[in-house]
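Same chain, two partners: chain A is paired with chain B first, then with chain C.
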Partner chain A sequence: MGRIPRKYLINRLITLALTVLIAASMIWVIPRLSPVDPAEIALGRMASGAGAVANAEEILAQLRAQMGIDQPLIVQYFKYLKGALVFDFGLSTATFPTPVSALIAQALPWTLGLMILSLVITFVIGNLLGALMVWDHSPKLAKVAIPAAMVFTSIPPILSGLLLMWIFAAKLRWFPLTGAYGLTVDPGWNWAFVQSVLHHGFLPAMAIVIVTFGFWALGMRGLMITVQGEDYVKLAEAKGLKPRYILYRYMIRNAILPQITAFALKIGLLIAGQVLVERIFAYNGMGKLLYDAILDQDFPVIQGVSYVIILITALSVFIVDLIYPFIDPRIRHEGG
Partner chain B sequence: MTSTDHQAEIAADKAARKRAKRMKRFDNPWLNPKLIWGAGLLLAIVALGLIGRMLWNLELVYTGSTPLKLPPLGFENLRKQPGVLDYPLGTDGSGRDILALIIMGAPNSLFVGLLASLIGMSTGIVLGFTAGFVGGRTDDVIRVLSDVMITIPPLLILVVFQSAFGDVSLTMMALLIAGFVWQSPTRLIRAQVLSMKQSGYVQMAQLSGASTTDIMFKEMLPNLIPYLFGSFIASVTTAIVTAVGLEVLGLGPQRIPTLGRTIYEAINAGALIQNLWWWWGIPTLLLATMFIGLLLINLGLDEVSNPRLRKA
Partner chain C sequence: MSEPVLSVRGLKVYYATPDGDVLATDDISFDLERGETLGLVGESGSGKTTATSGILRMVSSPGRIAGGRVTLDGEDMIALSDEEFRKRRWSKLALIPQGAMNSLNPTMKISAQIADVVRTHTGAAPDRARVLELFQMVGLPERIYEMYPHELSGGMKQRVCIAMAVALNPTVIIADEATSALDVVVQRVVAQTLAKVRDALGVSMIMIGHDMGLMAQMVDRIAVMYAGKIVEIAPVADMFARPGHPYSKILIESVPSLTERRPMKITEGITHDPRNPPEGCIFQLRCPHVNDGCTKPQPMRELRPGQTVACHRAEELEGAHV
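Then we have the complex of A and B:
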């Protein structure tokens, strides 16, 4: 407890760096193995706009120079890695010449906002319900209803999203079908906008919440069963403390810690699932950006979005690994 | 100790043994209800695919082979057309029979999941055993590699791949996904091998001169089976989730029907607003059934490998 052993820190840092490097390399290598020439795609886009293109060869060469794909592969690779370090992925080909980083900067806050919101909700609800499943004093209903709700855990959030969209947006019209805010409000810090954002964000967040809370509830149940038998809980009961006080202060507090590690392992899948939820809700985040880029064959954007999401995942895992011993003093960093 | 005491003890002992025997017969952990229900759900989907192929007219998966947007039997669509017996689950927006679509599509998803995790598992078994047994540099490389790969979400790499290469076959997709489901089995097996190496029976086998492969496959592997099954089911789930994710982004195989692609087409055609719920709803329901089946199997397997859960 206290300081992080240097060897452990270095170990985690190397893993983090390797993760990002390998992911970035895969993203770079894969499109280069494909016979598709991005310059030709760009030219094709011009041609379809203008009808015909004169001096096609010249323009192609120019485009290649602009995209940097006329240089030797090794030079391209290191240029790309250097760019990736500062989030420079070149220019979007579909919305030429917008830099990819600008597009990502626009989309990222939406994704992070939705992610953090739904994570906090699931973490709280999931752990509380998991604890109630074990607690002696919880209502009968909780012990029957919660395991039944657990079945949803296995379903990916796109499916729950579709269901919620249909019931609450298409049928009941309580919530808007798509988008992250209404077309009639001005983006900015005004009440109408915030209200609209919350209104639009509710269903996507719920789609994620109802399929993820069970994961935490299940884990919490197992941990609570262990904690229940501990001597300090028995002593607290013998002292005559209120059951509710024992639940929060003695049981949940001790059981919740290992849940945080589980979180680190799950985060990659969660983010990937959220990308898909954003796609079906046409939510203005990374998922929609990615989907539009796929439709337009906009490789720089596809690469940029994938890279940023992988980076977020790797960073979250790294941070959880590092702070974990601070949260739970019983755990020490393995010598690594 | 008197003789009556002794006899009573023997009788009690007999009764206990009898009960234990009966418990053993009925308490086979592999026959727990979760496992049976889960397997039943998956088998039902496989049966739908197999029996459907024999009984149903599969020509109806081609575009334009049916009237457009007919509802399932017993329902009406927005144009007040009733469902007809020829297309009992309704038809989609480009004239395909939903029943034929799911008969063709549902086994495809399972196939991708099974193939990807079979390959992933085999890789994991080999790498895990190697890392645990050989140790040293080899172990370091395998451990770091699996630590690194486990944080990379497969969906995003595969999005890059499939958008670069366009159409992929079902097998190709499974192979690609397999590249991302070997990490957890590798880690799991490595950890188990390391702890088993210290156990008496493995050391006994080593002392009696058994070969390394014998120790690996005859002594250790049988003890790993419940874990391996659990890990296998978990990777099937990951593989199917990833495959469906790619399909919903419009990136899966383009020329064969898949459940994810059907959902993709339904969303793009605005099926939600047009109230064509059967178009996206039936594939969704089928996928949900598949995932619930896999979850039940996984919970059931937990009970097999962790007897403490059984009493609860």
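Then we have the complex of A and C:
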């Protein structure tokens, strides 16, 4: 406890760097196994726009040079790694010549906002409901209603999104159908804009929450059943502590520890899972960017987005590693 | 004699199973006098812990309190509402649990776990000095104040549980095999600590265990349980000198002797189905002295002042070996 030892911190940082390096290498290798030549795709797009293209070979060579794919693979690889360090993934082939980093910079805040909002809501609601399924003093209704609500977990997010859209946007008109903010507000740090963003973000966030809270609730239920049988919970009851205090301080406090690790790991998965939700709500985030890039075979964008997802996941695991000893006194910061 | 501090009458705790109720504790009655220590002995599965969970109202499903009365300080404990009973817990009726190893919350400091029970029942958290005073009483060092349970040895955790039990000066303490998980050396030291604290505070205590040797040193009276029933209650000296019930005799003769090598008397466990106990004496299927009269009900009756027994042949078997 107390401050984090330097040796532990360095060890964790090395692990972080290695994780990112290996993952980044894999996302570089995989697209290169594909026989598709991105320069030809770009040329094809130009051709379909212009009708015909003269001296195609020359343009192809030029495009390859611009994309950096005329060089030996090993050179490309190190250039890519060097670029990744400063988030330079080259130029998008689909929206040539926009830099990938600009596309990501524009999409990332939306995704992070939506993701953090939905992840926090689903984590809190899911764990609380999971705990209530086990707690002896829960209202009777909870023990019936929560398992029933679990059916939403088996719905794909795209359907939950459409369902919410239909009820709350199309029928009730409480929330806007699509978009990340209203067309009439000025993007920036003003109240009207923030309000508009929250208003627009609510349905996509809920679409994710209702299909994911069951994961947390079921996990928490299992953990709570284990904790409920622990001697310290029985003694807490014998001590005559108030039931609610026992629930929070003795039961949830211990049962939630593995869920916090799962929380960090889920972050990466969730961005990927958000792809379709962002798509149907026309929400301009990483998911939509990735979706379009896959359709367009826009490798630099796919690489860039994947890299950012990996980085966020690795960073969240790193942060959980650092804070874990503060939430579980039995875990210590030790080397390795 | 004055009014007993704790009086148990006809307590029944049953566990529901698809094939009928398991009569884990069936119709037991005893009194605990003020300042007295009563030992509750019996083999595993005889219902000792179930009996105390009935007294503590900690029977959880599929178990239930099927009947009986528990009176503490003149107050009917079974009739109280859950919330009223919760307020009586620990301030009147404290528990030293069976598995001290796992009885402390791993994510709370030792001091906080003593503080929370004091705060709940008195409205104010104890100051550091009070907690340290409790530590000192059970021989714990001051440095554990800031520690978590995983930093303590088993013996220390057991002492923490003792300190916690006496924090509110309860009327009755139930020590449920408080020392059986410890090695013999630590066991002895912890038992001494327990006796010392008990004598200093004059608290009444029910001590559960199956270690007859330890019982002989610690308790005033012994109640012997077999298959959910109390078969004999006697002052500790009488119990060892003149046990009235054949089962008590077997238990006492099974205490290993240092000077003499004897065959084990207890060779099997409880033999009957606890859902369907035999008619009459509960011990008849294993008793070496069984006869026709044993199938009649065996109420507890006085053998001599202070010693009650549930055996119709107690007098004629007096002195006989099992």
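FYI, the second predicted complex is superposed on the first by the 284 of 336 C-alpha atoms of A that agree within 3 Å, B and C clash if a C-alpha of one lies under 4 Å from a C-alpha of the other, contacts with A are read in each partner's own complex, and residues count from 1 in each chain.
In the analysis below, contacts are C-beta pairs under 8 Å (C-beta built on N, C-alpha and C of every residue); 3 or more make two chains touch, one makes a residue touch a chain.
Quick caveat: nothing in here was measured; it's all calculated off a predicted structure.
Once the two complexes are overlaid on the shared chain, A:E237 sits against chain C while remaining clear of chain B. Once chain A of one complex is fitted onto chain A of the other, the partner contacts of A:Y291 are limited to chain B, with no touch recorded for chain C. Legend: residue contacts after superposition of the two complexes on their common chain; A:L247 is shown touching neither chain B nor chain C. Counting residues of chain A touched by each partner, chain B versus chain C, the larger count belongs to B. After overlaying the two complexes on the shared chain, residue contacts for A:I309 are found with chain B alone; chain C is out of touch.
Here chain B touches chain A in the complex through residues 144, 147-157, 159-161, 163-166, 237-238, 241-242, 244-245, 248-251, 263, 267, 272-273, 275, 277, 280-281, 284, 287-288, 291-292, 294-295, 312, going by the rule given at the top. Residues 14-15, 18-19, 22-23, 26-27, 30-31, 33-34, 36, 151, 153-156, 158-159, 162-163, 165-166, 169-171, 177, 225, 265, 268-269, 271-273, 275-276, 279-280, 290-291, 293-295, 297, 299, 302-303, 305-306, 309-310, 313-314, 317 of chain A are the ones touching chain B in the complex. Those residues of chain C that touch chain A in the shared complex are 56, 58, 60, 86-91, 94-95, 97-99, 101-108, 116-117, 120-121, 148, 150, 161, 164.
Put simply, chain A touches chain C in their complex at residues 136, 230-232, 234-242, 245, 249-250, 253-254, 257, 327-330.
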